[in-house]
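Quick heads-up: structures coming right below.
Two complexes, one shared chain (subunit A), two partners (subunit B, subunit C).
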Partner chain A sequence: MNDMRVLERAVDNQDLKIAARDVDVYYGTTHAIKSVNVEILDKTVTAFIGPSGCGKSTFLRCLNRMNDTIDICRVTGDILLDNEDIYDAKVDPVQLRAKVGMVFQKPNPFPKSIYDNVAYGPRIHGLSRNKAELDEIVEKSLRRAALWDEAKDRLDQPGTGLSGGQQQRLCIARAVATGPEVLLMDEPCSALDPIATAQVEELIDELRERFSVVIVTHSMQQAARVSQKTAFFHLGELVEYGDTSQIFTNPQDSRTESYITGRIG
Partner chain B sequence: MSDATAETPRKSSLYRTSDRVKRRNRSEVRFRVLGLTAIGIGVAALALLVISIIGNGYNAFRQTYISIPVELTADRLDPDGNRDADEMSRVTTFGYAPLLAQSLYTYLQDQDISMEGVSPQALMAMISQEAPAQLRRSVLDNPEMVGQTVDLEMLANGRIDGYFKGRVTMASAELDSNVTPAQLQLAQRMADAGIMATRFNWAFITNPDASGQRPEAAGLGVAILGSFYMMLVVLALALPIGVAASIYLEEFAPQNRFTDAIEVNISNLAAVPSIVFGILGLAIFINFAGLPQSAPVVGGLVLTLMTLPTIIIATRASLRAVPPSIRDAALGLGASKMQSVFHHVLPLAMPGILTGTIIGLAQALGETAPLLLIGMVAFVREFPAAPPEGLFDPTSALPVQVYNWTQRADPAFVERASGATIVLLLFLVFMNAMAVILRRRFERRW
Partner chain C sequence: MPLLWIVIAVLVLGTIGYVLGRRRAMASAEGDARSLHSLPNYYGLNVLLFAVVPALLVLSVWLLVQPVVIQRQVVNMIPDTAAQSAGELSLVMSDVRRVADGLDRAVELGALSREDARTIRTEFTNVRDRLASIGVALGDEVSSDVLRAAQRYRVLKTTGTIAMDAVVLLLAAIGLGYAYARTHKELRARNVVERAVLSLLILASTIAILTTVGIVLSMIIETRDFFRLYPWQQFFFGTQWIPSFEGGSELGLIPLLWGTIYITFIALVVSVPLGLFSAVYLAEYASSRLRSVAKPMIEILAGIPTIVYGLFALITVGPMLRDYFAQPLGLGTSSASVATAGIVMGIMLIPFVSSLSDDIINAVPQSLRDGSYGLGATKSETVKQVILPAALPGIVGAVLLATSRGIGETMIVVLGAGAAARLSLNPFEAMTTVTVKIVGQLTGDTDFSSPEALVAFALGLTLFAITLGLNVLALFIVRKYREEYE
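Up next, the complex of A and B:
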């Protein structure tokens, strides 16, 4: 895991997945996100970096309308997923969230069995016709989250009994099971030890084959290790967005440079 | 703060406790003593209460009976001789009483037990007034008994019963116009001969209430049923309404002035004196809605109103205790708000909800004041029918029965009231134990 790999990591896909146009977010009277424009590519890992409180998590939560659950939060501007405005009055956030899955900062498995954790999404969305199909989805999702070998013998045991890293991979499996197109990850490794972090990062790289992954991280090393595109947020503004290799080696904005060299944040 | 500044640390031995630390330790000891005293006073008060109630009340669970053979002479009980229950019912309790007195008199003579100083009237007064009524009921139920000699177990009079329980003594009998020392001496002789004995009193649990002259026959049957019916009504109404209201307020309601007002009012309702709910019940359920007085359905409705705030507050607290990350996880997977609540939040909040409900029910079970206002103080001897019709029949309730009995003149009722309190306390202990067990059973970690 060294930062030199950044240079080898080329963007190999130019299909547009999510486009945000002039997005502003207000918490009550606080202007949390200021006129952000960003284009997220399909089958690419996009990292949002920036100091604490810069709005990167807030912006991430706009992408699957998780901010709807906060009463005082107001979002303006357009966010297009495959050219459809997700804030359109016709869009049901429930349907949106099935397409745009999310993994949270702290592992939050349901206090149910490992199997039920993964099967919950497919069940409520009716993705399987019978038990055999559901079993298959669960196995595939757990394999994709690199948890199958560890969990296959104890699928009926509670998900809360796993270790932290396993729990986070279970949450990823759970998110993957609903068959999303985009996977949002809000600092997925901040509660994990270095070994578990490495496993999850490896996993993110594999997930890129199928999904567009957007990851918020505090760790610049992590952004450099896993992402192809990087966006740098500062004080609610999107300061710079570009290929990860360019951001880390040749930042255009002085604030970006200060941040990645450790002078601010 | 003169020259002893931070730069020159004061030299001191760790082995010598400084004055400051000593003072701190002393105040800590004082506080611990204070706390222990407070707990001690609490425990002592509880122990005193329990001991006095049990001391007074355990005798209510024992009762003195007279066992003699009684000849049910046909010409007295069935003059027409055709064993028709309707015709036989024309013989009133007063027709049976002489029969019992006669049998007792003859039996005592046969057994050579001296009835010195006890007139036939006084001898009859030793039998409970309830005994002929009980005999009449069993004869009417079973007309073939007429003409036979049956072994009968009849209640002894409350004063005689009191003698065996230590409530009535020779000295107190001297001053009592209801009982004479001669009667007590005879009772002692009968007990020695095995005719009179004290045994466990199931009738206390199963019998209905009895009038002031026959405390020996009074029981809690109707009151227990009435309380049980009311609890059914409270459970059926308060649990769903309370849980639904809490879920809406906690998970769905927008935060605005209207919901704030509701929230404040619910908290206030929990503090409203219970008798106010009784007035409300009287005005709305009885006077306005026309529901019958003394009925468990009205009592249940009033107690539901009283219990709702308790259940809502407990339910909201346990919903709030479910970590928001669980809601996020469900919503993030594309579950709807309702799915996230019913699939994930509610099961996790269940132990708290059940505990709150049971504590609310226990509170309702012990409530007296509102029931006084809706007519549940009435003297009820008829058992209510099975629910649902029975919910509209007049009944009593356990705490009201205690209140009723403490007001009666005969000291035997004091014992009954304490006995009823024991029963009530047993129910409360049982319910609280259920709350603990349910919480243990359903508790899950997350």
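Up next, the complex of A and C:
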């Protein structure tokens, strides 16, 4: 555990972005998430850690209502984004997902050109008035995802032709292009090699300036490296939530301590 | 010995070999199956294969070769003059065979003794009458040469069959003995059986391929005969189809090809949107319960015989189109029309398009859908901009397969569009297709040396070339698609 250096990164923002109150999730008869309460801050990286099957990905998918696409999934409790309940009947899940972007475990570029991949969101949401503005959004998003230098000469080539790490950064650029307020990342580095992982982690740290980032990860080192806040899930419960440095150096719950020292998981 | 018996005898030998081989293997392992290289069954099968396969192979080759050899021997006995007077050597030979069969039958019924059958001569006996009395009718007086040839034929055939029986049974016994002697616990019997299975599979696929080649070759030969009688320029570029069995026909391909293309085009205009949209609905929107009911219901359409579709075209769609569209618009008074056949054929093709497209849309990875929904796209935006482009090559393949199915369709066209070859743009006019004309030229009394009958083969070959081309194109596109996602 020597490489688990916890960077002394103060949480410099205390604005509440997302608040979850007593959230329960059921898959059919399975009780996947049990009464979770969590408060996610703006312009902060929050990491969800925990053993496989503990419900961290399920909870993440509740935050932009991606679970709506699964028939048997039922969510109860309140999730507030900027003090508005996202499960309220008057909220359009499609609009919500434009505000709460998502990056998935496996890079999933569309079978289109790099340019069209990034321009996909802005086009369907009508974020640009003309081609020049769209070009600008694409360039800005690719720059923000640290992919511009590698991709600028091949914007018309298919996104599926990039390497795995580049594909994942393309997916991040694609999510950034719609101008979200929150970026959800579901194990974004689990399919990447160490170099690509380092690039994406660096990127996450930069994205913190503009967005609230929530990242699910299996790697405790990664959570320690990129996040300011950490939540530990176990068997569908939120066991402990606090500053990353506190969770990793001075866990309050014995289960958290067991997990980060490698005894459960 | 009749053929069936010898086959049964070989199979019985094989079964005995199976039991013996299994027992010997077990004995060599001292009753412990675990110390065998293969499972005990494999040793039995190994002996069975060695007993049966070479024997049956020799049997089938012998059956093919023996008649040729005997014929060659007997032909020498027929003088050239006899052959010339009968017109064809093959006619004389069939006479010889008929007389030989008659003699066989006479011996069987006791009308002739074996000795008599071998020695009777036309000079002393009226063979024709003798055979007629036991029910074997011969067209002509039996000449002395033919009778002698027939007797020789009988002798050769009897000897040949006895030799064959002996060789086959001997071979089966040798195979059995050899494999039995080799059976030992170290023998890799399952590898032998594996190779036998492999050859069986190869044999099956070879037969399938050779059949295709045979069909194409027979078409090519007949087509060549047609082009000897009729100039190919007039066939491929002729715009008139006026066959007349008195000669002087005009056999132009263009009107038939036009009818085929026109009807298939209308069928695709009907089936592609309907099929594709229902596939999108089933794959993306419908609940799994609805899907499990609706998909088989659509696929039932593919199970309806085309003649039933034809009836539907004839009594429902045709009159309806005539009464509500063609007559009010002043476009014709025929209930048989291109539009009728095209629409009904389109309905028939819906399941081809929808079922394949549905599978292909389902094969688009879920991660692409998640990616699109995660960016705030709606379902229809996702379908239009992500799923259909990703599935496009497969959908094109499905449409091409449906097209080649439509091009080959006959019954719906006969009943829906009539049988009049015509070049016209009016969709309410009766027209016909290549397949209908193939049927038309070959039904009834046909003389296979006239171009009017032989043209059917040229039409068939043209059609085959077109559908083959479409299928190859479809396969090529589908394969390219598969490489992308697996």
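Operating definition for what follows: the second predicted complex is superposed on the first by the 259 of 265 C-alpha atoms of A that agree within 3 Å, B and C clash if a C-alpha of one lies under 4 Å from a C-alpha of the other, contacts with A are read in each partner's own complex, and residues count from 1 in each chain.
To be clear about the criterion, a residue touches a chain if its C-beta (ideal position, glycine included) is under 8 Å from a C-beta of that chain, and two chains touch if they have at least 3 such contacts.
Here the structure is a predicted model, which is why all the values come from computation and not from measurement.
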| Should the superposition on subunit A be reported as showing a clash between subunit B and subunit C, or a fit? | clash
| Who does A:140 touch here: subunit B (first), subunit C (second), both, or neither? | neither
| query | Thinking of the overlay built on chain A, is A:95 touched by subunit B (first), by subunit C (second), by both, or by neither? | reply | both
| said: For A:31 in the superposed arrangement: first (subunit B), second (subunit C), both or neither? | reply: neither
| request: Check whether A:106 is in contact with subunit B, with subunit C, with both or with neither, and answer first, second, both or neither. | output: both
| message | Quick one: is A:210 in contact with subunit B, with subunit C, with both, or with neither? Answer first, second, both or neither. | response | neither
| Which holds for A:21: it touches subunit B only (first), subunit C only (second), both, or neither? | neither
| Superposition clash, subunit B against subunit C - the stretch among 4-12, 40-48 or 112-120 that is involved | 40-48
| field | On subunit A, positions contacted by subunit B and by subunit C | value | 64, 66, 69, 71, 94-98, 101-104, 106, 108-111, 120-121, 124-125, 160, 171, 174-175, 178
| query | How about subunit A: which of its residues touch subunit C in the complex? | reply | 64, 66, 69, 71, 94-99, 101-104, 106, 108-112, 120-121, 124-125, 160, 171, 174-175, 178
| request: Sort out for me which residues of subunit C touch subunit A in the complex. | output: 287-288, 365, 367-378, 381, 385-386, 389-390, 484
| subunit A partner contacts - residues on subunit B that touch it in the complex | 254-255, 323, 325-336, 339, 343-344, 348, 444-446
| query | In their shared complex, at which residues does subunit A touch subunit B? | reply | 64, 66, 69, 71, 94-98, 101-104, 106, 108-111, 120-121, 124-125, 160, 171, 174-175, 178
